[in-house]
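To keep things clear, I will list the structure first and then write my remarks on it.
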Amino acid sequence: MTDVKKGAGAAARTSVSVAVTGSGGAGVMTAGNMLLAAAAKAGWYGLMVRSSGPQIRGGEAAALCRFATHPLDCLDDRFDVLVAVDWENLHRFADEIPLDSASLLVGDPAQGNPPEVYVKSAARYAQLGIKGIAKAISGSWPNMVVLGVAAGLIGLPKDAVRAVVEKTLKKSRDGLAPSLAAVEAGYEAASRIGGDAKLAPPGPRSEPRWLISGNQAAGYGAVRGGVRFVAGYPITPATEVLEWLAPALADVGGVLVQAEDELASINMIIGASFGGVPSLTATSGPGLSLMIEALGLAVAAEVPIVVVDVMRGGPSTGIPAKSEQSDVSIAVNGLHGDAPRIVVAPNSVSDCLVTTQWAVHLAETLQSPAIVLSDQFFGQTRAVVDRPPDATYAGRRLTAAPNADAYKRYAVTESGISPMAIPGNPGTAYTADGLEHTDRGIPSSGARDHTIQLAKRERKLLGHEYGDFWADIEGEGDIAVVTFGSCTGPVREARSRAAADGVQTRLVSMRLLAPAQADRLAKALAGVKRVLVVEQNHSGQFLKYLRSEFQLPGEVKSFRRPGPLPIRADELHHQLVDWSRA
Amino acid sequence: MNAKKAAAKPARGHPRKAAAGAKSRPEAGIASIDELMAYAYALELEAAERYAEFADAMEAHNNREVAELFRKLARIENRHAEQVLEEMGWVSPPDAPHGGYKWEGFEAPESGDVTELHYLMQPYHALQIALHNEKRAHAFFGSLVKQARNAKVRKAAQEMEQEEAEHVRLIEEWIKRTPKPDADWAIDPDPPVLAD
Amino acid sequence: MTTATARPTVPISARDFKSDYNPIWCPGCGDYSVVLSFTRAFASLGLRPENTAVVSGIGCSSRIPAYLTSYGFHGVHGRSLAAAAGLKLARPDLTVVVASGDGDGYSIGGNHFMHACRRNVDMTYVVMDNHVYGMTKGQPSPTTEPDWNSKLSPGGTGVRTFHPLVIALAAGANFVARAFSGDPSGTANVLVEAIKTPGFSFVEILSPCVTFRPEQREWKNAVRPAPVGTTNDPARAARYIMTDDGFNLGILYRGERAPYQPPMGRGNKQPADLEKGFAI
């Protein structure tokens, strides 16, 4: 189902997918990263997803790459090329790297036979003694051969690859020449192997491009939103958000603290934000679970904070390095008491930037916790993207004036937002409290105070004008797909394929999950007869949430599957076309 | 399940030695009437503040009768403090000596011990606390009399000692007029409540 | 961040640091006197309410911020040290004091206690220790004697007590002291030194619970000034603290370790400068 540019012949694909695999020191991740960098340099778009076994070092690893002449939001359904340095445990990747009879498998016969699953796929097997070639070039590495082979097979200009190798190895005088020789040998091998995986030349580059991961984008979005204090505890797959932020915050006058656990991280950011500094933490499901109590404190005490949850397979430790959208329920519901909170979800790697920035803006404006539901796919995928737009969202907290007359921290206002006194401000000292309180912040168990404060905290979130950014709404038609997060990419691709088959559909990719924008969704779905709800989890958490807070028109179908396998455009495409004909 | 149970109460009669952590006594250092009277002022003022806090605590626990008594004691001690100012012709409170006041125990001798309070306490108990405080104040000035370095200070300390003796007598009379609590005064049929 | 410019004002007295909200603790509770010590210490240091923050968790002792006129933060159970560290690291200009109890601080908050000592952020940690959970009606805490009978642990827990001062020392606290609520001036003096000493200062205040541990009224007869002075040698301090009976008062250790304070507000780049790393 790979796109083929109309009339351009078999050699002019607009998208090709290449997987590079190997175990124990083969360096396939490095090869994949260099391939991606070279493709970016050559003017292509691309993305790379990492997949690996449970070993910290030495395990089987796969760099799953896709290149295209247009921006990409997801992997393809299948791979055109798989270059395997060895066959160790390669069968474990069989579901993630599907090959078919049109695919090409490049491998080393000296390492044994390919796994049975790939033999059965009927992919063309091109035998190449990768390690032998590398051994023949003193000081070179097999992954440089792989880089040359893969680059040659997809038609990546050699100059771009050379430039990336030179940049990567600029500090290694001895390593450069053998590496370049190995790349050259790889190109030669590729020309012998041939095949039809050549990507069409890139279009003109109109705007600056970035090579970025979703975790980096989220970090940068936080800084742009005004975050200057971050506390965090290492957790897969969120750690890179923190690692990117540590030096970045120091550069812009902020601080990152490594906390002793997630309980500490979230309480630290609440303390810092109480002190007037926009604050954030990043974590994944297990960490979010630990943070729930303190999220409630941020609700009750009205302290703005942002929690980036890079979702992974759950429950419990689950599948740490694989993507899954299974934290929807905990994000929208997972607090005791009536605890309104903001939940947003980016819907592309680059959107992690603006959506996180928006989350900071919303948290600060509404003096409320905001959860950003990213996931492992976004977080750890490195993608070539157009530079994201400059959004103006920034922290704007309503603060109290010095010596404000008869200051009431939790004053009941029409909007529900009350001026927050920042320590240092004279005459407005108050105690922020997780106990229910009066408008002055004095603990109260009175029915009236409780009702008033609950309503105030709800009102400020419900009454806010969130604007069009709440969702990406595209297309027309009787069938609508409602989704969020990383399912948006495959849904978009499936819709355009369905459109090519004459089936028009609508897309609603919800960026603001909570508070529920029921009226806006109703408007977006006006006239729709069928709704397909797409999500990557087992129990349909998103659909359950939609059913509890929204009115879905007509017939509703759920399309869902848990991680670790991504939801693919191909299966969605068939679903849409079949349903339209049913 | 409401088995009647005595809520933990202070020991009867408030037996107590001088607190073990006593600091060095002040008297060796007191060389002037001004300094002596500064001590007298601080003693009365701290006693007044403490009684006011006791009254607040009692009010918060709906023991209005004892709250009012503590309020009254606070007023009395405040008046004593003001009298010191008047006698000395001071328009503002005296500065504390360098390094702060040095008392025989942890606190000024007329300041009530926080841990002697009980939410069900009766006026009789409150007056026992007051009596104990006045006796300590009396003893405090008595020791100043013995250790005074000059006649002037000795005379002033004697006057203060006599005044405190009068306070002791007044409280003792007050106690005579005050009904003694029953043996079950600390019994609360309900258990403590859960809070935060 | 709003930082009010300091206006020339009259010194704030201890009484000014009391809020107009009267404490609600059991009459007889030692914590009443701790409020007095806080206010005296703040006044003596010349602090101003707007530049002082008292952070707490949950429990009897944690109610203290509401009874003071400084900025206060009454958070969740056991996490006061984390909230306070965040506040101090983000706002190094503030004086931060944390109020806790033996349940909040040593049990549910035990992990943060160790790491706060280790991290050595410049703040003062006050634990009002009464060897019992008061707010939940008298359960044993980590400092409760193993044979203390309670409904939750009939016949006693049979578990040895936690030794907070030694743990603080071993974990790296820069200042370790024990005080007694019945000695508000002495406690205030210890607090003054704790706040003045850079880094993480730990002050255990023995504060009787007259409701669940009425026998603690006798603490006033048990406490005494520590027979040794302050040392800067942790090994000496540890040996001493390990062998005392828990009633020796005073500043037992004062180190010279530099506090942890990453340079907040000292970067010289604009956010847009960070984009260079992404550009192809």
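We just call them A, B and C in the order they show up, numbering each chain from 1.
Just so we're on the same page, contacts are C-beta pairs under 8 Å (C-beta built on N, C-alpha and C of every residue); 3 or more make two chains touch, one makes a residue touch a chain.
Small disclaimer: the values here were computed from a predicted structure and weren't measured.
Student: For the protein chains shown, what form does their contact graph take: line, ring, star, complete or other?
Tutor: Looks like a simple chain-to-chain line, open at both ends.
Student: By Cα centroids, which chain is closest to the centre of the whole protein?
Tutor: Central chain is C.
Student: Roughly how many whole angstrom separate the Cα centroids of chain A and chain B?
Tutor: 68
Student: If you average the Cα atoms of chain B and of chain C to get two centres, how far apart are those centres in Å?
Tutor: Whole-Å distance between the two chain centres: 29.
Student: State, to the nearest whole Å, the distance from the C-alpha centre of chain A to the C-alpha centre of chain C.
Tutor: Taking the mean C-alpha position of each chain, the two centres sit 42 Å apart.
Student: Going by the touch rule set out above, which residues of chain A reach two or more other chains?
Tutor: 435, 443
Student: Identify all positions of chain B at which a residue touches two or more other chains, and write them in rising order.
Tutor: 196
Student: For chain C, which residues are in contact with chain A within the complex?
Tutor: Going by the criterion above, the answer is residues 1-4, 7, 21, 48-51, 53, 55, 65-66, 69-76, 78-79, 81-91, 93-94, 111-112, 114-115, 262-271, 273-275, 278-280.
Student: Over in the complex, which chain C residues touch chain B? Could you list them?
Tutor: 22-30, 32-33, 58-59, 62-63, 135-138, 180-186, 189, 208, 210-214, 216-217, 220-225, 249
Student: Quick one: in the complex, what on chain B touches chain C?
Tutor: 7-11, 16-17, 19-21, 23, 53-54, 56-61, 63, 100-101, 106-107, 113-119, 121, 191-196
Student: Quick check on the complex: what are the chain A residues that touch chain C?
Tutor: So the residues of chain A touching chain C come out as 37, 40-41, 208-212, 216, 220, 223-224, 228-229, 231, 248-257, 259-261, 263-265, 267-277, 279, 293-294, 296-297, 301, 384, 387, 399, 402, 421-435, 441-443.
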